[in-house]
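Should a chain be cited, it is by its letter among A, B, C, D, E and F, assigned in written order, with residues numbered from 1 in that chain.
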Amino acid sequence: MRLLVANANTTQAITELCADAARAVAAPGTQIVPATPRFGPAVIASRAENAIASHGVLTLLAEHAGQVDAVLLAVSHDTALEAARQLMPCPVVGMTEAACFAACLVGVRFGLVTFGGVETYRERIALHGLSSRLASLVGVDATPQETVRDPEGVARKVQEGIARAVAEGSDAVILGGAALAGMAPRLQPASPVPLLDGIAAGVKLLEMLVALKLPKPSAGSLKAPSGRESVGLDDALARMLRGGSG
Amino acid sequence: MRLLVANANTTQAITELCADAARAVAAPGTQIVPATPRFGPAVIASRAENAIASHGVLTLLAEHAGQVDAVLLAVSHDTALEAARQLMPCPVVGMTEAACFAACLVGVRFGLVTFGGVETYRERIALHGLSSRLASLVGVDATPQETVRDPEGVARKVQEGIARAVAEGSDAVILGGAALAGMAPRLQPASPVPLLDGIAAGVKLLEMLVALKLPKPSAGSLKAPSGRESVGLDDALARMLRGGSG
Amino acid sequence: MRLLVANANTTQAITELCADAARAVAAPGTQIVPATPRFGPAVIASRAENAIASHGVLTLLAEHAGQVDAVLLAVSHDTALEAARQLMPCPVVGMTEAACFAACLVGVRFGLVTFGGVETYRERIALHGLSSRLASLVGVDATPQETVRDPEGVARKVQEGIARAVAEGSDAVILGGAALAGMAPRLQPASPVPLLDGIAAGVKLLEMLVALKLPKPSAGSLKAPSGRESVGLDDALARMLRGGSG
Amino acid sequence: MRLLVANANTTQAITELCADAARAVAAPGTQIVPATPRFGPAVIASRAENAIASHGVLTLLAEHAGQVDAVLLAVSHDTALEAARQLMPCPVVGMTEAACFAACLVGVRFGLVTFGGVETYRERIALHGLSSRLASLVGVDATPQETVRDPEGVARKVQEGIARAVAEGSDAVILGGAALAGMAPRLQPASPVPLLDGIAAGVKLLEMLVALKLPKPSAGSLKAPSGRESVGLDDALARMLRGGSG
Amino acid sequence: MRLLVANANTTQAITELCADAARAVAAPGTQIVPATPRFGPAVIASRAENAIASHGVLTLLAEHAGQVDAVLLAVSHDTALEAARQLMPCPVVGMTEAACFAACLVGVRFGLVTFGGVETYRERIALHGLSSRLASLVGVDATPQETVRDPEGVARKVQEGIARAVAEGSDAVILGGAALAGMAPRLQPASPVPLLDGIAAGVKLLEMLVALKLPKPSAGSLKAPSGRESVGLDDALARMLRGGSG
Amino acid sequence: MRLLVANANTTQAITELCADAARAVAAPGTQIVPATPRFGPAVIASRAENAIASHGVLTLLAEHAGQVDAVLLAVSHDTALEAARQLMPCPVVGMTEAACFAACLVGVRFGLVTFGGVETYRERIALHGLSSRLASLVGVDATPQETVRDPEGVARKVQEGIARAVAEGSDAVILGGAALAGMAPRLQPASPVPLLDGIAAGVKLLEMLVALKLPKPSAGSLKAPSGRESVGLDDALARMLRGGSG
């Protein structure tokens, strides 16, 4: 199967980072196809950028529709997730969504540790319906840059964040955001509960969904659009709204 | 004050319809400025189109930033509402948001009657935190086309929808969606509870917010973006992400 | 329009304070009519006093029914709000309700800072259905008396409360209670998020509701009482329960 | 022990009805003391009347403070319940509250059948925190008058309401409102689930609370008022607000 | 009436402790019948032990079915509560359930103080539907052993826990768990809010339920099992599943 | 990997049915190990049987601990799920849990169709925190026996149930319970939305969890029991409670 690792940021380095993490857990038959939008924010760090990026990532997906068997949204905001799920003929999973659902399978309540602000995570988890499973949201005071400059110091801060999440009732902890993506294997040995990585969980959930061979719905709120007109959109995307393949 | 009536659909006729409705309730000093995105879906009728339209409407807003005193999102999905609120230096209100909050001021629980699907309304109302105030969601089986062909028949169906909403506990009823926009004044006399129109409520709420002279936040999740880089976005929008005015 | 600023406390000085705040934001055509109940608690500071005051404030409203176009309940507990809304032929808004709804229009989540206990605010916000929008409730350890004796010290404490609310995720902060009523303009310059004042918000929301010309419901839970008998109530109130005008 | 059966309506016949129901289940040592407010609505049937009645019933309670060991609010709206609990030195229970809590002890989810409107029951149950335990709210289309004219027909309608509540998932059914008060014993034999009567449950819960000898709190939101001034209230009530006994 | 105090642990000393506490509050006509399961965990302190104990306690109940008038589950986890309620022909109440419902009758929000972990209490309270009534969950860092070795020190820690619960908004505080069972009377004098003990509350709630003479449901989710086959269960339990008496 | 398909009923035919369904979707390297408890209810159809079965299924799991890599609870009630997750050193998933989480990945809201009562499903879904994702619960009026006698008629009824779930807002529908287990592939072609089968979803989720190599927690509410004493339990189970392997 071909699994699209679709970034919603336009920074290709992040795409590569996520694609590498995806390859590390992919089953032998799973081919990772990295993809980066041609337009949009370099790195999504605000509500405005996230909303803008919806268009870019859906344009990107439309270009791959019919040529991939599954889509992982490799962006911590699960940008345009439900829209992508409606648009695409194949399964779509978001990396934070994946981490949350995997966390629920190994913990009664879970925590999430990330760099900086936690509000959008709180909202995304509420949208997934999982607020009652959330024990702790910890924003570590560190920047991606600091990760390069002082990896030990940052690791220590994240480890403290994990400890706080456990103290607040977490049976499992999600490391949220691309900046923390590579850290799980390194921090796991010293952590008392399972650490979840959205890319890893997402790849495996998509392998599951493909294996289950669930059909595209022809009714309900995720039925593919058809007969919809538009102005100024890329060909592939406009075609999909009209009901053609991408 | 200049009040931007920003459509998120690219169909100018809808913009004009909404602008007319806005003018009908605007205070003497309020100038209605209609605006339609240059790209995006003709009429938003799916999750995918709504996510795509986020970019178009934010691009549109960026072009008017600094030149308007308030923004009404004239689209029933409140497309990109929180993002617009973060991006813009002035107050932003969505038409369904406006109708819901106005309904809460005249009813303990409210209903919403619209054409077709109700799921996205349910989700939007949940996002606004008002699920416990929602008594009834009624999807009338009619199309905008039918409104032209058989206005009497459609009005009868909507009136039945209102009656059902009242029977299910609504003290006030929102007429949702652009297709129902003009109907409130016509249906009100035969309706036992107040009928709410999002455009009218939105204009008045924005006049209120402008009058209150609340400052743009310099902290929190709605602080304006700054120092954010992007690729391939229109100048005005890219400039705002970098922290300049639009 | 005539806007009744109805206190539910019997302390006229508070009524005057609120009426002044109302005049400061009222539109040119809005005439502020202050009113104080003839019986009831001097200052509501407990559940018992709030319940007792319901009668006094409704008696007061009945005396003005038909002679005013809108009613602002100038009491932080939104005393008898839904009852007043049912009883009166015109729009009624509570000052804390108004502040909450205005806060939701400028923030994703909001905080509330007040003197002393916060439990009744928590309950009132839950009743409004807005618990998921509430980020922080801060009870400042100060008294109204202290405000007179050491205004600087109190302002510092409130500013610290605002800072804590922002740190806990508030995009906007309500200053709750009459004792804090005048402080918003003074504290706003040093505050990183908008400060909401219930009197100001309430006046503008009522101007909106009057402008929208929504009819009194003839069905639902807010239909005016009629044919109801009573014992020992003031004439105007008894008459309204029987279905006459106040 | 002396148990005050305090009506919040001014109709003495209802008080007597409730007192009789209370005597029927009271333990040998429990003396039922019926009491009716001297002023207020004849029969509470609206939000406005309920708010007005708060004053009357608290005035009534203040007159009995110190002379009774427990208070049952014999009114289906649990009028002024939390206020009464704060004011009085002894336990206070509302009849609908009592029925709900008793229902939770014999059913996983419960239903409520009443005459007429159900909205205020929905709100009261939400206030008690029990919305997730509520399976069904059924408003029977009948009037208290009809109960006298056609008792068989009304009983049949109530029985149908019970059947519907059971079909909707109720393990127990509350008969709500004074008009249904006497019906439980008569309808129970033909009902497949336990029928709860608020007066009966309330008397027994109060006997429990008196037996547990729990102290009056000296902290928290139910601490008795003290040092509170007022205008125009009855002596006993004004005295209690000042911190004296009633 | 005969009231079964059914432990779900196999440690008879705990049963005796609970039975003593039950006798201390039982009405003259209430005979306390202590019972301990013949198999299962010595002391339930984990999810696994609690699930295992369900079988033991239901086996125990089946042996007493028909010979007792009420059952108190004398275990802080309310082990197998709903199952027991379905199985038994008489009322069944859990000790934490009892404490929570009693707390709701004397406080708007309540707290719970216990030794060690609080997560299972949080879940149990959510199951009872009372999350919105819970103000504070405090896990005191002490062990049952410490209670014997340093009773003064432990009492001090619990008192601090109570103070914290009150500061966080509790109007009443539950002392959770068998280890704290005997402490309420001793700690009450120095505590500013009522302290609730699950055994005491449970005995009185059961006396209430027996007095109300509510019938066993013949429909709904608590209808007794009948016609159910099983393998390897004790005779009495197997007989009850088939529909016979225990 | 060895995947234990653990029934909680003692009816081996159901175990075999589930094991067959598991084999149909298992990856090549996944060996299905069916297992049936030695004691307990033949078929769980009540709260009482479910609580009793907790012991049987945990005893069964203990016997396999260390010899299997994953456990699927092949019982629609997810019997003893959290307890099993705590007890076992390997991942554990319940079949209804699996279906719910898979449904959330392909639908915004989902429905569940089953034979007979729906209350325990409602409760289980609430426990998983997914109530806001549940659009519809449909209890089809049919029995397992009918499935054998009139498979066409039953299939028609289930199809009607699916149609109702879709009409009520479901984007995906779970076929709940063992009796419906085999039906998904047969009914899918005529169904407009994906049909979810808990066994299939569970096998794939467990393959994912094993692939993710998450460690057993050494802290939190799912830390394995140790040092726990017990009476009369099977050796393997008692050993695990003491902290040994099963």
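Going forward, contacts are C-beta pairs under 8 Å (C-beta built on N, C-alpha and C of every residue); 3 or more make two chains touch, one makes a residue touch a chain.
This one's a predicted model, so the numbers in the text were calculated from it and none came from an experiment.
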item	value
Both-way neighbours, i.e. chains that touch subunit E and touch subunit C	A, D
Most distant chain from subunit C, judged by the mean position of its C-alpha atoms	F
Pair with more cross-chain C-beta pairs in contact, given A-E and E-F	E-F
Subunit B and subunit C, separation of their C-alpha mean positions in angstrom	27
Subunit A and subunit C: spacing of chain centres that average the CA atoms, whole Å	44
Averaged-CA centre spacing for the pair subunit D and subunit A, given as whole angstrom	52
Subunit C residues counted as touching two or more neighbouring chains	82, 85, 108-109, 119, 132, 169, 221-222
Pairwise touch network: line, ring, star, complete, or other	other
Interchain contacts, given as pairs of chains that touch	A-B, A-C, A-E, A-F, B-C, B-D, B-F, C-D, C-E, D-E, D-F, E-F
Contact set on subunit D toward subunit C in their complex	10, 38-43, 45-52, 54-56, 58, 80, 82-87, 117, 119-120, 127, 221-222, 225, 228-233, 237, 240-241
Subunit D contact footprint on subunit E (complex, rising order)	25, 27, 82, 85, 91, 93, 97, 101-102, 104-109, 128-133, 166, 169-172, 188, 192-196, 200-201, 204-205, 207-209, 211-212, 214-215, 217-222
Residue numbers on subunit E that touch subunit C, as the complex places them	108-109, 132, 169
Partner subunit F, residues of subunit B touching it in the complex	118-119, 122-123, 126
